[in-house]
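Chain nomenclature is as follows: A, B, C, D and E, assigned in order of appearance, with residue numbering initiated at 1 for each chain independently.
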Amino acid sequence: MTSLDHLVLVSALTLALMLLFGRMRIAGRLAVVLYAVQFLLLMQTGALLGEPVASSLTLSVLDLQMHWRYDALSWFFAMITIGAGFFCAWYAAGVWQERYREEGHSPRLFHVALAANVLTMLILLGSGDLLSLFIGWELVSWASFLLMAVGGGPAGRAALRYLVYAFSGGMAILAGLMLIYTQTGSLDYARVLSLLGELSDGQVWLLLLLIGGGFAVKMGLLPFHLWQAAAYAETPGPGSSFLGAISARMGLYALIMLLVAMLGIGRLTAMEVPFTFLSARDLIAWIAALTVIIPTYIALQQHDARYLLAWHGIGQGGYMLLGLMVGNAVGSAGGLFHVFTYGITQAALLMAVFAVVHRTGTADLNKLGGLVARMPLTFLVLLFGIISLAGLPPMAGFVSKWMVYRSLVAEGMPLLFVAAVVGTLGTILSVYKLIHNIFLGQLRIEHEQVREAPLSMLLPMLGLSTLIFLVGVTPGPALSWVAAVQASLGLPPVPYTLGGIEDPRGGLDMLWLVGILMAGFGVGALIFFGLGGRSKRVHQLDNYAGGHFLTADVRYQYSDNFYAGLMHLIGPWYRGAFLWLEKALTATVAFLSAVMNGFYRYAQPALFVLATAVALLALTTA
Amino acid sequence: MTTWVALVVVVLMLASALAVLLLRSFVAAVAATAVVGLGLTVLFVLMRAPDVAMTEAAVGAGLSGVILALALRRLGLWRIEDNGRGDGDA
Amino acid sequence: MISDLAVPNLFVAQAGQLVLPVVLPLLAAFLMQPLARVSTALARGLGPLVLILCAWITAQLWIQLGDAPFTLAIGGFAPPLGILFYADGIALLFALAVPVFALLFWPGSESGGGAGADSRPGSDQADRDQAARRDALVLLLVAATTGLALSGDLFNLYVFYELAAVASFGLVALSGTGRAQVATFRYLMISAFGSVLALAGIAILYMQTGTLNLGQLAQLAPETLNNPIGSAAFALMLIGFGVKAELFPVNTWVPEVYAGAPARVSALLAGLVSKLAVLVIVRLLVLIFPQPEAAQMLLVLGVLGVLTGEFAAWRAKDFPRMLAFSSIGQLGIVFVAFSIGGEIGLLAGLAVALHHLIVKSALFGLAVRWNGSLEALAGAARTSPLGAALFVLFALSLVGVPPLPGFWAKLTVIVGLAERGTPLDITALMSILLVTAVEASYLFRVAIRLYQDNPDPVARHARRDLGVSALLGAVLVAATLGLRPVADVLGAGAAQLGDRAGYIETVFPSHVAGKD
Amino acid sequence: MRNLASLLFAGGLAFLLLTLLSQLAFGTPPMRVGSEILAVAPGEVGAANLVTAILLGYRGFDTLGELAILFAAATAAGVVLGRRRDDARRDPPGGEVLRTGADLLFPLLVVVGFYVIAHGHLTPGGGFQGGVILAAAFFVALLAQPARHLSHGLILWIEGLAGAAFILIGIWALVASGDFLAPLLGPGRMGELLSAGTLPLLSLAIGLKVGAELAGIMAHIADAEAPDT
Amino acid sequence: MMSLTLEGVVLIGALGLIVIGALGMAISNHLFRMLLALVLAESGANLLIVLSGYRVGASAPILGFGDPTAPMVDPVPQVLVLTAIVIGVGVQALAVALLLKVYRVYGTLNVRELRDRMDADVATAAGVEADASQDAPAGERPLPPVPAHASVGSGGFGRRGPVPFPPQSDERRP
């Protein structure tokens, strides 16, 4: 039994216990404890800095060996996974779970789904060969499907759509694996690695298309992104946070394995896209950039806070891949680091939104407003979150995004840089919409009695917010993990310091930056309070406009249809393109299905028998 | 000699078989089927298979015809003339 | 005479008793209707009793004699002259599975004759007669399928095949609806046409070799059948025996029949009978037609079956029909697998076939109650949660989700195809992967629907059907947990199944081998 | 369009089968099994009619399967046509001539049938042929008087017991000699009525079974409701 | 055929029967004629089997029936044919029984009329009769509706959840 075995066993135990006792009230807290134990066990494995930790379990099927091991990359993703599981279980453990039960859902099913997700992801991350990678991949897909589908109703439909995408992707991956298998005769990483160099460019392209495409589905990379927003947004609260924080990153993990660990950036750079001046790396980087831009602007026009954040999740994945495709120390570190910073950010944001939903019953941005007075702490969490999401100092998201930008500029990719900035612009606009429509403006009359989110939900949110801030101020420790991951992947490790990175061409020191920021705030506060600091708290409607006193039944401030002008300006050009693709595929399947059905409904089957007999006989005599 | 007999029988048999498909009257078609059975019986005899011939005579030409004819009655197709319902071949 | 010999001969396992699992159901079937006139209870109990006995005999023989393949010359006539039973591991496995599955899906009163659309309140006597006929037909089906598993004589195989066909015609017609009768007639026509072609194939084969014994045919095949004539004979027999095996162009009867027949009968036909027909084709392929053309035919038809079946299922509107189309697709995969040949191909084919046997039977068991349109299934999870959970389990395995057995079976097929790697194989591989995605889409559309809210869901399952499905589900889970031993057993079975020389050696022990 | 396609395919089938089959040496079969059986059958089984010797001896198991198929067809026909309205229209009874003819023909056909059955191992004929004749006798009686209540029960008993007898003879052989359907009672003297061991018994069982089966089927079909129009 | 031999003639007869039977099964519009065609094809197959055992100049395989010195024809195919004939007649009888039943239910045996009536039957009984197929009328429809899962989030970009209060921006665009 190695430490990895312990980890997976405890994770499996979590699943089993949730299956057995998930019905009980204590289950949520039990899950929190168990995730904490898993986290500690993971810390103990030492996979980050030392040698990869292998599992003692091996399987062989059809002469194909399967084994599992954790290296720094696995450790990094597993840490985020378990952490997300921990915080989401915590969020779910108290009031949320009881409300969920009252609404006629099964908390047990939810806990089971969450535990299954964590377990399967841990298995996937430990895969030591391509077959176990595929199996882990499938397991994760189905566990996510379970978590998405437990909500029922629209969640079920969204989950089904996800399933079709994910499973098609899985089949593409299997096809790619078989391609590798026919070429190398093995599915073992080491052996495949040694033989992969002999593949022709055409074969590598095919491989990229099949395996990369399959992995890209999970990551929501263009053009396979259509499923993600609805599926993530419709999932029950903590589940949605969990999925948003880490689930799609499994796709990134697998893509890293394929693109960086197996093929290598160098090979990608050397491969030219036929008939163009682009290399494969440029192509992927541009896909990533488009993935940043398009979903972000789609997020801008969402009217549902959950969907807005879910669409962002797709866009943020683009940054990560973009950073990795730059391939230098800072860029790849930025991409990897963004996995972490974005994970905690998205979890906190979704938790805040679901806290609002918990209290008000809606996530419709057109039906909310002014809640800052009622839910100040939630507001604070959301504020921290959106600052981080938008990539502004002093939050965690700033550090990772800055690293990506910087590497793009430093490596001479100005167009991609512009694309990334355009994406960030959209992010800023849309997160402003988010916080404005929920917390600012006029409080709705029906929300007059709304209270702050319950403590059991508030605590994990606040914990995550603190983490966002702390990582923002002192990214050093987290960057040390990233550097270890880079080392294990064979990338140049990022030169990190406690406050950021060190670079002769311009480093980053968040300690200084935050210090200056704080100093600015301090000066402002000094001025304010020095000048007396008088303020008076009044009710929002204790006011008058146009000579009339305000009444609560009239809306003085409209937040719906936010950015209508901007939307009009941008136009609808990008709206239908990918949907059209999806519909065309569906219609093709429907048409084929109708044809096949017609065959089986044909009234004179003897004709087919006759025709087949003739065909087969002709074949034999020919 | 037997070859010529066989040839005649085969020609007769194939003609009857075509008649089964082409005749509009089902009674005639069933009769043609029985003729095919009889032809088969002769061929079996020629091929030194008396047991088979006997069985074919009893079954192919006799029993099977009876069953089919009985079915025609029950199906309301027991009409010698053209029934005019387009039930024939297309 | 009897008193001395009866005891040792009947109660000590010996090869001669291998006929009993075929003969006893026949005996019971012959006596079923007269017995029903005498005592209804006796007639009702007779069928299950005989099945248990058959299973017991087969199991005994397997335990005591089954280490190596053995033969049984019926009537004591030396091999090429008389009819031969050949029992290797796979044959015995199927011979054991037949009575067990027949017992599990023994048609009860609710799926019996009375449920038809045009059923009128018949007299008690008529009902009892109908029940006796039904039981007799199931027993005939059992005898026929057991015979298919064991027989080592080409024409004997044909006879049992026809017996299985005729018995299943009767069983399908049981539901009594007009649609079922039309479906049965259509089935009968296709089947009979196929039989004509198969007979022509047998005639050609006999003309070429002068024998019907599979062992001797295997001996003679390399010199006499490895030519266009041999391939043509195989093509004809493939079409003939393919009808029940749901081979692509001769499977147009499948959806109507499975939708029209009582669900338990569909379970037997889709699960069991089709597998035995596949086994016959595989025996022919392995023993008599090892030439690549034969395997290629199977591959092409299998791929077409996979594509048509799964795509058609995508649009099916009712539950049994969806299962029927899915069954066509799955059997297509079985054919593709067997066409790969070699040990891996046989292993893959066996794995997919056995997996499909378990899963599709169980799904049809669920269809006893879920026999209507898919829309009507909304919310069915509320009335029968176990049924819905089992459906999800079976759907997962059918689609091929690790670590369920369905995944390993499919993976074996795919690896086998990839290893051979001709363009045709790659096409087959891609087709299988493509339709698997389609399959997941339609199966889980249903799964989601089962868990929808619906104030008026369909009736719950009868305890028996649910029990049978749960049992098969448990077998599936057990196979998942004990993957390695199962794989070993199957591997050994596949090795035996593919051992042409061993077959010949078993039928004609060494010194006769050179005999002409 | 469909007809054209069918014609083309049928033509193709004819052409292909002809080219294939013309390569075979019809008229000079290899006879691997056949000649061996011809050589040993008289001694092993003792039937003068070698076809019967094979039918009931070497390939007796096929014959059992065939009986089962016939039985299955009869049973299935029963399933399909099993329910009959009591008020359904029946055919009118046959005329005087037919009835008298039937009365004469019935015993004659029965006797001939049994004769054919009994001599199956000596001359052409046997269980099947005789059985068909028995069925014909039965059918003639039916034709003459359709309204007469058919004794389904009797048919059931005959077919059940005859089939059971065939199997029981087989099992007797299994018990006695260890092989199902092995020839018992010795070959006897070639050419005599009571020769060829159990073959005549089997032949009788087949005859009765086939006769009952076919009679049952015909009774079912004749008994089916006549169309209302 | 170079010279006219018995086996050649019979071969042509057998093939002719099989082909005519197959043709008949493929082109018949009437189920009864289909059955007759099947009978023809079966006869052809039987003839082919007997032919495969025929030996030029041999006698029937019955001892003491003909010339005792002459070789005999192969008896095995004859046995096979005996079996096949009986199987054939059984199947044929069952088919007749089915036809009677079908005719009683639908009043026709014409393939097209039958299909129309079955479809009508299903259409009227849709939702009422549990074991009737819901599938049948589909053949007449041009194309199936896009299934539910394909149109999730049909607005494209996941505008789901509660119905937005004002009409949404894109619907107001000029």
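Going forward, a contact is a pair of C-beta atoms (placed from the backbone, for glycine too) under 8 Å apart; a residue touches a chain by one contact, two chains touch by 3 or more.
Since the structure is predicted, the reported quantities are computational estimates derived from the model, not experimental observations.
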Exercise. Average the C-alpha coordinates of each chain, average all protein C-alpha coordinates together, and give the chain whose average is closest to the overall one.
Key: C
Quiz item: Which chain pair shows the largest tally of C-beta contacts?
Solution: C-D
Self-check item: For subunit C paired with subunit E, centre-to-centre distance based on mean C-alpha positions, whole Å
Solution: 20
Quiz item: Hey, how far is the Cα centre of subunit B from the one of subunit C, in Å?
Solution: 37
Quiz item: Quick one: subunit D and subunit E, Cα centre-to-centre, how many Å?
Solution: 26
Quiz item: What are the residue numbers in subunit A that touch two or more other chains?
Solution: 157, 160, 164, 590, 593-594, 597, 604, 606-607, 609-611, 613, 617, 620-621
Practice problem: Mind pulling the residue numbers of subunit D that touch at least two other chains? | Solution: 2-3, 6, 9-10, 13, 16-17, 20-21, 26, 29, 31, 33-34, 37, 49, 51, 59, 62, 65-66, 69, 72-73, 76-77, 80, 124, 128, 214, 217-218, 221, 224-225, 227
Quiz item: Can you list the residues of subunit B that touch 2 or more other chains?
Solution: 49-52, 55, 59, 63, 67, 70-71, 74-76, 90
Self-check item: Pairwise chain contacts, counting only pairs that touch as defined
Solution: A-C, A-D, A-E, B-D, B-E, C-D, C-E, D-E
Quiz prompt | Residue numbers on subunit B that touch subunit E, as the complex places them | solution = 2-3, 6-7, 9-10, 13-14, 17-18, 20-21, 26, 29-30, 33, 36-37, 39-40, 43-44, 46-52, 55-56, 59-60, 63-64, 67-68, 70-72, 74-77, 85-90
Self-check item: Of all residues in subunit D, those that touch subunit A in their complex
Solution: 2, 5-6, 9-10, 12-13, 16-17, 19-20
Quiz item: Considering the complex alone, what residue numbers of subunit A touch subunit E?
Solution: 154, 157-158, 160-161, 164, 226, 229-230, 233-234, 298, 301-304, 306-307, 310-311, 362-364, 366-367, 560-561, 564, 567-568, 572, 575-576, 579, 582-583, 586-587, 590-591, 593-594, 597-598, 601, 603-604, 606-607, 609-610, 613
Quiz item: Given the complex with subunit E, which residues does subunit C contribute to the contact?
Solution: 115, 117-118, 155, 159, 162, 166, 169-170, 173, 175, 177-179, 181-182, 184-185, 188-189, 192-193, 195-196, 199-200, 202-204, 206-207, 210, 212, 255-256, 259-260, 315-318, 321, 371-376, 441, 445, 448
Quiz item: Okay, in this complex, where on subunit C does subunit D touch?
Solution: 1-2, 5-6, 9-10, 14, 16-17, 19-20, 23, 26-27, 29-35, 37, 73-77, 80-83, 113, 119-120, 122, 126, 129-130, 133-134, 136-137, 140, 143-144, 147, 155-156, 159-160, 162-163, 166-167, 169-171, 173-174, 181, 184, 200, 204, 206-213, 216, 220, 228-229, 232, 516
